[in-house]
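Structures are listed in the sections that come next.
Both complexes shown next keep chain A, but they swap its partner, so chain B is in the first and chain C is in the second.
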Partner chain A sequence: MKIAILLKRILDPEVSPHKFSLEPGATRPSDAGIPKVISPFDENALELALQLREKSPGSTVTAISMGPPETVEILRKALAVTADAAVLVQIETDPGPDAFGTASTLAAALQKTGPFDLVLAGRQAGDWDQGQVGSLVAEMLGFPCVTFVTQASPSGNGLRLQRESENGYDVIDADLPLVLTVTNHPGNVLRLPKVRDVMMANRKPVTTIAASDLAAMSTKIPPLEILALEKPPAVAAAEIVGGRDEQEIAARLVQKLQELKVL
Partner chain B sequence: MPPVPTRQIYWNIAGHDYMYLFLLVLAAVFLYGVWRHYRTWQRGRPSPWEHRYRERWRRFAEQAVVQLRLVSQLVPGIMHLFISWGMVVLFLGTVVVAIQADLHIPIMRGWFYLYFQSLALDAFGLVAVAGTVIALWLRYVRRLERLRKGLFDGVLTGLLLVILLTGFVLEGLRIAATADPWGLWSPVGYALARLFLAAGTSVTVMRHVHATLWWTHMILAFVWLGYIPFSKLFHLLLAPANVFAQPLTPPAQALPAIDFETATTLGAAHFEDFRRKDIFDLDVCTECGRCEEWCPAWVTEKPLSPRAVILDLREGLHSMARSEGEPPLVAGGVIRADTLWACTTCGYCQEHCPVFIEHVPKIIDMRRYLAMEEARLPDAMEAALRGIEDRGHPWRGSRFSREDWFRDLGFSALRPGEKTDVLYWVGCTAALEERSRKVARAFAVLMREAGVRFGLLGDQEQCSGDPARRMGNEYLFQTLAQANIQSFQEHGVKTIVTTCPHCYNTIKNEYPQFGGVYQVYHHTEFLAKLVEEGRLPAVAGNDLNSGENNAPAVTYHDPCYLGRYNGHYDEPRSLLTDYLRLDLSEPELSRRDSFCCGAGGGRAWAEEDPAHRVSIVRSRQLMATGATTIATACPFCLPMLTDGVRGTGQEGEHVRVMDIAEIMIERLGWQDKVAPQNTITGGTEG
Partner chain C sequence: MENIYVLTDAVESRPTRNTLELLGLGHRLAQAAGLKLRAWLPGPARGQAATAVLAAGADEAVILDEPRLDTYQPELWLQALTATASAPAAVILPADSTGRDLAPRLAYRLQSQLFTDAVEVSWSDGAVVAKRPVYGGKAIMTARVAGPVVLTVRAHTASPLAEPKTGGEILREAVQIDEAVVHTRLVEHVEEKTEGVRLEDARVIVSGGRGLGGAEGFAELQKLAAILHAGIGASRGAVDLGWAPPSWQIGQTGKIVSPDLYLAIGISGASQHMAGVASAKTIVAINTDPEAPIFSYARLGVVADYKKVLPHLITALAAALKQ
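Up next is the complex of A and B:
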């Protein structure tokens, strides 16, 4: 089974709120002094890919990411947890919220470096949280897609999948080729790399493809454009309800809540 | 001419030449035993050796001759001094006999015979008997908890007592039967002789008993001696050797660096991966259990006892030497993984080991294998390491940045290339952990008021690497150390002052391994210096400030990496008592005996059963002083003890835990200087 895993490099979502800033007029947040990491759900997808490779011998895992040359850092992290190959689709800046544009470039890259039997992606990126790229890639490749997958194992000629649903989970048998978008689960926390593999990862080659060399599959829809980006003002409205004793405080609190039509 | 004082050697012993046959057997058995051990010591990797022989002999005099560490527990210490020195002198007596009997040099005569061979030997024999009796009393009557009560523990001591007593009886019989004119010079033997004579024992009976007892005494002594290399008695030879051979730069304080270009195995997977000195250590152990007494892991029922680690390793090593099979896996095999992760690296064990075994570097060596070759760590510790890797600090989820704590105080981080002489290294915890951030503010304000010009790295600072190194990820540690050394270089840093004892130890003692040599101060050391130079105002009030109801105002908790690791016991105390004029009450366990808060060695991020928290045990000890303020000097101890005090329930409600810098701010009345300043929009608390 040839597995591809799509990884997005994003600003560390756990950065302190004071660090997160927007220059006036900028259409993307400033990244000065903020570490960049693999988008969290993509890490779950990567772990799932590695587990599938272990369960079906002879499989390979190829990590694919799109971004400027520094994106190679996260591909090295994928190589450190023993991904077999890494492909960088090089563009000038980190991909923004244009899910359609991103998906069409990635789909073209998958076709160029594939064919793949299975493509995995995180259920949504940790920065823009749109959750579209995985299913759009499936559409463009003409593969079926299962979303919110937590676990997967080989079954017959395809996979048996566990998928998170509103009331519990679905168990699905699916044939290959296939696209999965993965959500977090205690069973798919990304493993820690072994130090030897980290050292090896620095010596493994990373294939670089210029995005401009890929004939994007569709040019009919213009890429999404951000006109303005603003940080919502932090509004902290707090009122301390006072009183002589607990009973009075409770009574006043109830009154307040009724005034606000909460009760 | 008066006769020259002496005595006949081998009086009454016919066929004493047969003794040499026994001696030959003893020598063969002994050498075989030593050789068996010597073979296993060769299994390890070479150990570094610093010459500095003057220093080695000094330590030998202190710890092997005077035995200072042993005497720190008075009664057991005296017991050991009595037995060891009794045995040494008795052994010298035997050598004197051999010189006269076998080399035919007549030295056993005259005043030397009277003062040494008679009087001194009797006195030291008596001392040895007293030591042996104390040893048996400690083990079986006082039942000291740390002492094991196995069969051989009793037999070996009991046998020694029998050998010593039969020696005296032999002497008494000889004096009585030969009417020795110099008998009074051997007071114990003489007293026994008088007893035998008073009992009306005939010379024939005495000669008969003497001959039989002589052979019994000799054989028992040979058996005991022959058993030395096969038991913990081996420490008679190995302990002084280990005192002499101890690394002069303690490897716990500056862990040996791994050369990743050449290393075949990362960490200790098998015995072969340990250094020879580490393997030698295993055979030195006397099983005394001093290491275990206040081991924070052992006291709180974690699956780690430093003594068991050493003894299990020893057992594993010896059983490997006996069999030919695959060498056993050490990390996670002979020693369980959860045992290794339970260690806080506080160093209590090695500070108290009378034979200078080093437990912590062995534990870290095994952790290195688990962390780097197997990538297997407890989840919470793994998350901390991941945090360091991804964002340069282990405090995942902190809502602060490294620059938030100082912005409203008017400080700013060094610009790229900007030089500074004094760098305040804040450390991740004081910068990002809610409680400890106040320490950074207090210390920065104290420095400013004292007129110290200092630089801050802000976002350019990364974890010093201490938690990574002590959790076994040497690779990550080296990456961080190199990056930080580069930052120091960029800013022309020569002097570093830090509020974190862990960073302090790492930067001071471990960065030199990578070419980073600086003048490093802990903040209490630096503040004491500022006070001495008169750069901080005197504190108002003349009397020692006592707490409510005459309770002591303050107690002090020694952080392990400041005290035991770096010997700074006095500066923090002098700040509290001499400068701040506070009434300081010491907890029962303080200075080198201090009990860890539970946060070292990466344990700050480990899961811990709420019912068995190290921090609660330590908080109770500190609260037992009656002090309402617990002072400390470490950003790990601070939140640990704050939680610990809370965990003690109601009694902890009126107790507060503070860093010394914060107490200084309070006593100087500078609270408004560290309070959040509104001049800068946004504030720090977001």
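Up next is the complex of A and C:
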């Protein structure tokens, strides 16, 4: 099985709100002083790709990321957890919220470096949170797509999947070729790299393709017209309930809750 | 004339709460834009809710009259929705596991714009203007989307109509289904057993995070939940560690809930988590770290080790609720 995994480099989504700053009129936050990381759901997808390779000997995992040259950092991380190959689709700045544009460039890159039997992506990137690119890539490649997948294993000529649903999960059999978008689950937390593999990763080649050299499908669909990007309104801080000891704190808390009539 | 579409869901003849919200929103948009609101009811089984769907705001209830649409199958549903969307100005889907699954593919097939996870949608100068949280809720984006658009809308962000609407028409559309498009087959649906109250319906929710220190912590929360008749939730931190099942996850990528009381225990208050409780009336936090972001969302806070407070809290609540 030839597996491709789409990775996005994003501002660390765990950064605390007060370090996150927006210039007035800007349509992107300032990235000064905030580390960039692999988007967390892409890490889950990467782990699933590695597990599938283990379950299906002879498979390969190719990590693909679109972004400026520094994006190579996250491709090195993918190589360090033993991805077989890495491809950088180079553009000038980190991709913004134009999902149709991003998906058509990635679809063209997949066609050029493939053909792939399976394409994996996170359910959404932890910056714009749109949850669109994986499914759009599927449409553009003409592949079927299963979203919110947590587990996958080879079955017959295709895959047997678990897909998260509102109150449990669905077991789904899917044919290849296929696109999956992946959501978090205790079974797909990304493994830690081995020291030796980190060193090897620095020596592995990363193929660079200029996005402008790709025959990206043109879409008639214009990007969103962003009118504003603002911080949400500030909220008042909590009233801290104190006391001599835990027993008194608990009693006072219950009293406050009764006063607020929420019990 | 162009139409606004809403994808509806129902249990027998009763539209779901989320459907009522989307129809309320669709009705207001259609009124503002001077367009017609058409509601899709996929499969004859959902067709039983047609009258209720009209009362909830639709001008036309379109029953997609094909029994194979009764159960959700994305490839067949996409085929039916694409075929029956006539002159769509806007298509409104719920931001749940069905709507989020369909929206990008439907937008692509209708060659329309796409706006996901909207929390506010209005009509202004011939176009949809919508807001959504981005960067895990650290920012709010407002965008104008001219031309046809597929939207997903978060639960609890739009209100159902206050008064039932009268009139409207029920249409049955025979849809041609081609099974050759099916490449994904449902083998089994596994429902997780939830003891006690469902999170979506819960007036009170007790929720635990990484600060609980282990699965045993959730056993303690169960005791508290039993006294309060509460649902139990979890942060992604706790779910990833396997302490709580994924269906307990609350937040932007978990469940969006709207209880009167939300007790967050050992949860730091990451913006992505808080996105799931934006419409909770009262948030109470127990956390050892006085600097934890959760205290800037909560109404009441306790800075303490939950293990020391919880037993006293359970006793005090049991006594208070007996009266």
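Simple rule for what comes next: the second predicted complex is superposed on the first by the 232 of 263 C-alpha atoms of A that agree within 3 Å, B and C clash if a C-alpha of one lies under 4 Å from a C-alpha of the other, contacts with A are read in each partner's own complex, and residues count from 1 in each chain.
As a convention for this text, a residue touches a chain if its C-beta (ideal position, glycine included) is under 8 Å from a C-beta of that chain, and two chains touch if they have at least 3 such contacts.
Nothing here was measured: the structure is a model prediction, and the numbers come from that model.
Q: Regarding the shared-chain residue A:Pro13, is it in contact with chain B (first), chain C (second), both, or neither?
A: Only chain C; A:Pro13 stays clear of chain B.
Q: Give one of first, second, both or neither to describe whether A:Pro35 is in contact with chain B, with chain C, with both, or with none.
A: first
Q: Taking the superposition on A as described, I'd like to know which of chain B and chain C A:Gly126 touches: first, second, both or neither.
A: second
Q: Would you check which partner chain A:Leu22 touches, where first means chain B only, second means chain C only, and both and neither mean what they say?
A: After superposition on chain A, A:Leu22 lies in contact with chain C alone.
Q: Kindly classify A:Lys55 by the partners it touches after superposition: chain B alone (first), chain C alone (second), both, or neither?
A: In the superposition, A:Lys55 touches no partner, neither chain B nor chain C.
Q: Specify the partner with more touching residues on chain A, choosing between chain B and chain C.
A: Touching more of chain A: C.
Q: So which bits of chain A does chain B touch that chain C touches too?
A: In chain A, residues 14, 16-17 are touched by chain B and also by chain C.
Q: Show me the residue ranges of chain B that touch chain A in the complex, using the header's touch definition.
A: 260, 266, 371-377, 382, 385-386, 390-392, 396-401, 404, 459, 473-475, 682, 686
Q: Taking the touch rule as given, give the residues of chain A at its contact with chain C in the complex, in rising order.
A: Of all residues in chain A, those touching chain C are 11, 13-14, 16-17, 20, 22, 29, 41, 97, 99-100, 123-124, 126-132, 134-136, 138-140, 144-148, 150, 160, 163-175, 178, 183-186, 189, 219-222, 224-232, 235, 237-241, 246-247, 249-251, 253-254, 256-258, 260, 262-263.
Q: Quick one: which bits of chain A touch chain B in the complex? Just the residue numbers, please.
A: Residues 12, 14-19, 33, 35, 37, 191-196, 198-199, 234.
Q: Could you list, by residue number, the parts of chain C that touch chain A in their complex?
A: Within the complex, chain C contacts chain A at residues 74-75, 96-97, 100-101, 103-105, 107-109, 111-117, 129, 132-147, 183-192, 194, 198, 204, 228, 236, 239-242, 246-247, 252-253, 255, 260-261, 270-272, 281-282, 284-285, 290, 293, 295-304, 308-309, 312-313, 315-317, 320-321.
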